[in-house]
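The two complexes that follow have subunit A in common; it is paired with subunit B in the first and with subunit C in the second.
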Partner chain A sequence: MATTTATLSLSSDMLSSPISISASSTLMKAGVTEGLELIEMGRGTIAETDGSKTAEFGLPTALGEDKAAKLFLVNKATDPTYYIDIDLHDTNIGRLYAGDWMFIPWGMNDTASELVIEAEPSGATCPYEFVLLQEPQTLEAHS
Partner chain B sequence: MATTASISISSDITESVPFSVNASMTMYQAGTTLDLEETTGLAQRTFSGNTTQVTLIDVSATAVTAAAGGHKVYIRNTGTDKTKGFKVFLADATDDIEEIGTLYGQDWMLMPWLATDANEDIMVQPSSSEKMTIEYAVFHQ
Partner chain C sequence: MATLTPTLTLTSTDATTDQLAFSVTDSLTVKAPSQGLSTIIVDTTGANNIIVPANADKQTWVYVRHTGTTDGSTTTTQHCDIELTGDVAIGTLKANEWFWFPHCGNGGSTGVQLQSVSGSIQMEYGYWSDSTAQ
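Take a look at the complex of A and B:
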């Protein structure tokens, strides 16, 4: 069985008693103890002039049931004013500013699960990198 | 008052080409290199006898600014059972709710949070009526 592990170390000294979070998870298929089997990664660039785009880490061909996919996405821009707006279908999750990353579970179970990205503000260009870890997809029949 | 987060992902899915990725970030206020200055602190909620959707993080109760910011949300299913999970949902300004995904035992997530409207709450739904616990924190402007 493939083993994929995601580990987080988070620290904050905002409070007089500092916050320190360590979390680690072995990533499994939905509801079972079998490891994820598919990995997809890449790098792209989106400019403000591109408008909103459906991210290339797209939905599987077989929808309809919850998947245990995990998505890592990082904005590699260096200008702190540049950000990537992240939409889940038509709901805005938030903004990834330069250097920010996110790691989320991704249901990928229907067309409303699509992720849409957009670079902002005017004139912004944001390189980004992604890693999508997921369950095996159903192969398409030969046409 | 720095808040930093590092992620490390390693995998042997591709046996012949071991995979790893590492990234770190300092959480800044929107469009600046000024540190985030507020947090809810680390909180925990336990659910039992309930498999309905409930609000975990209420925008109105979090004191985030009305303008879009560099807010970040951390959530973790502290259970160890990989067959049980919390579905995580996000609402938009019109209260349209989208499912993000499911956090199974020990799974965690860290994501930006727009939180510009009172409706943009984060909800969770446990998959089992047995005792399940989730921990979370918001780091915000």
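Take a look at the complex of A and C:
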């Protein structure tokens, strides 16, 4: 069984009681005690002129409901004004500014949950990197 | 204003032959409004469990963790959905899993809510407003 561990550490100097959080979890398949086995990772670049695009990892196939997946995405732009809008299909859910990252459980069930990215503002170009951990997909018959 | 430093470490020694091991960090300048580390008992109606109020354009960092309990002591394996207000599902947390996400209403006036798939779940959460691009 594959054992992949994701740990988040959060610290801050805010107020008189600084934040210090450490949360760790082993990434499992849905409903069982087996680890996620399929790992995709890579990098890409999206420009504002590209418009709204489904990312390489954004529309998985052969995955039905109750499948587990985790997505890490980081905006590698260096201009602090450049950001990547994150959409689930037609709904904007957040944005990553230069250097920011996210780690989410992703309900990658159907087209409605496709993950769409868009670079902003005008003239922006954002390199990005991703890691997608998921359950094995059904192999397709050869053409 | 204050600095919030999130760090992700992702490791595996047996998922693949080439071991997975990386760490990424960020430095965020945050300000009010914020919600320090808190807990909430989540039920099966998302609208009852709004953890980030709806806003149109604030960049807000959201941390959520499933405690694996119903009340801090009784174990549960029920899943918890993370949604935008209005019931737009983002994903599902299983026991002891966590979530780190940059929510932005982006003109849509949305917040973040939690919804148990079944029964009650004690969830841990916090949010902090980013000082950029409000």
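What we mean here is this: the second predicted complex is superposed on the first by the 138 of 143 C-alpha atoms of A that agree within 3 Å, B and C clash if a C-alpha of one lies under 4 Å from a C-alpha of the other, contacts with A are read in each partner's own complex, and residues count from 1 in each chain.
Methods note: a contact is a pair of C-beta atoms (placed from the backbone, for glycine too) under 8 Å apart; a residue touches a chain by one contact, two chains touch by 3 or more.
Source: prediction; values computed, not measured.
**Q** Classify the contacts of A:32 with the two partner chains as first (subunit B alone), second (subunit C alone), both, or neither.
**A** A:32: touches subunit B, not subunit C.
**Q** Identify the partner contact of A:2: answer first if only subunit B is touched, second if only subunit C is, both if each is, neither if none is.
**A** both
**Q** Please indicate which partner A:91 is in contact with in the superposed arrangement: first for subunit B, second for subunit C, both, or neither.
**A** In the superposition, A:91 contacts both subunit B and subunit C.
**Q** Return first, second, both or neither, reflecting whether A:114 touches subunit B, subunit C, both chains, or no partner chain.
**A** neither
**Q** What's your read, subunit B or subunit C touching more residues of subunit A?
**A** B
**Q** So in the superposed three-chain picture, is A:48 touching just subunit B, just subunit C, both, or none of them (first/second/both/neither)?
**A** After superposition on chain A, A:48 lies in contact with neither partner.
**Q** Do any residues of subunit A touch both subunit B and subunit C, and if so, which are they?
**A** Overlap of subunit B and subunit C footprints on subunit A: residues 2-15, 19, 21, 23, 25, 27-28, 30, 35-37, 39, 68, 72, 74, 80-81, 83, 86, 88, 91-97, 99-107, 113, 131.
**Q** Contact residues on subunit A for subunit C in the complex?
**A** Residues in contact with subunit C: 1-15, 19, 21, 23, 25, 27-28, 30, 35-37, 39, 68, 72, 74, 80-81, 83, 85-86, 88, 91-97, 99-107, 113, 131.
**Q** Flag every residue of subunit B that touches subunit A in the complex, lowest number first.
**A** 1-14, 19, 21, 23, 25-28, 30-33, 36-39, 41-42, 68, 70-71, 74, 76, 82-85, 87-88, 90-92, 96-115, 127, 137, 139
**Q** Which part of subunit C faces subunit A closely enough to touch in the complex?
**A** Interface residues on the subunit C side: 2-16, 20, 24, 26-28, 30, 34, 36-37, 59, 63, 65, 81-82, 84, 88-94, 96-104, 106-108, 126, 128, 130, 132-133.
**Q** List the residues on subunit A that touch subunit B in their complex, please.
**A** On the subunit A side, the touching residues are 2-15, 19, 21, 23-28, 30-33, 35-39, 41, 66-70, 72, 74, 80-81, 83, 86, 88-97, 99-109, 112-113, 131, 133.
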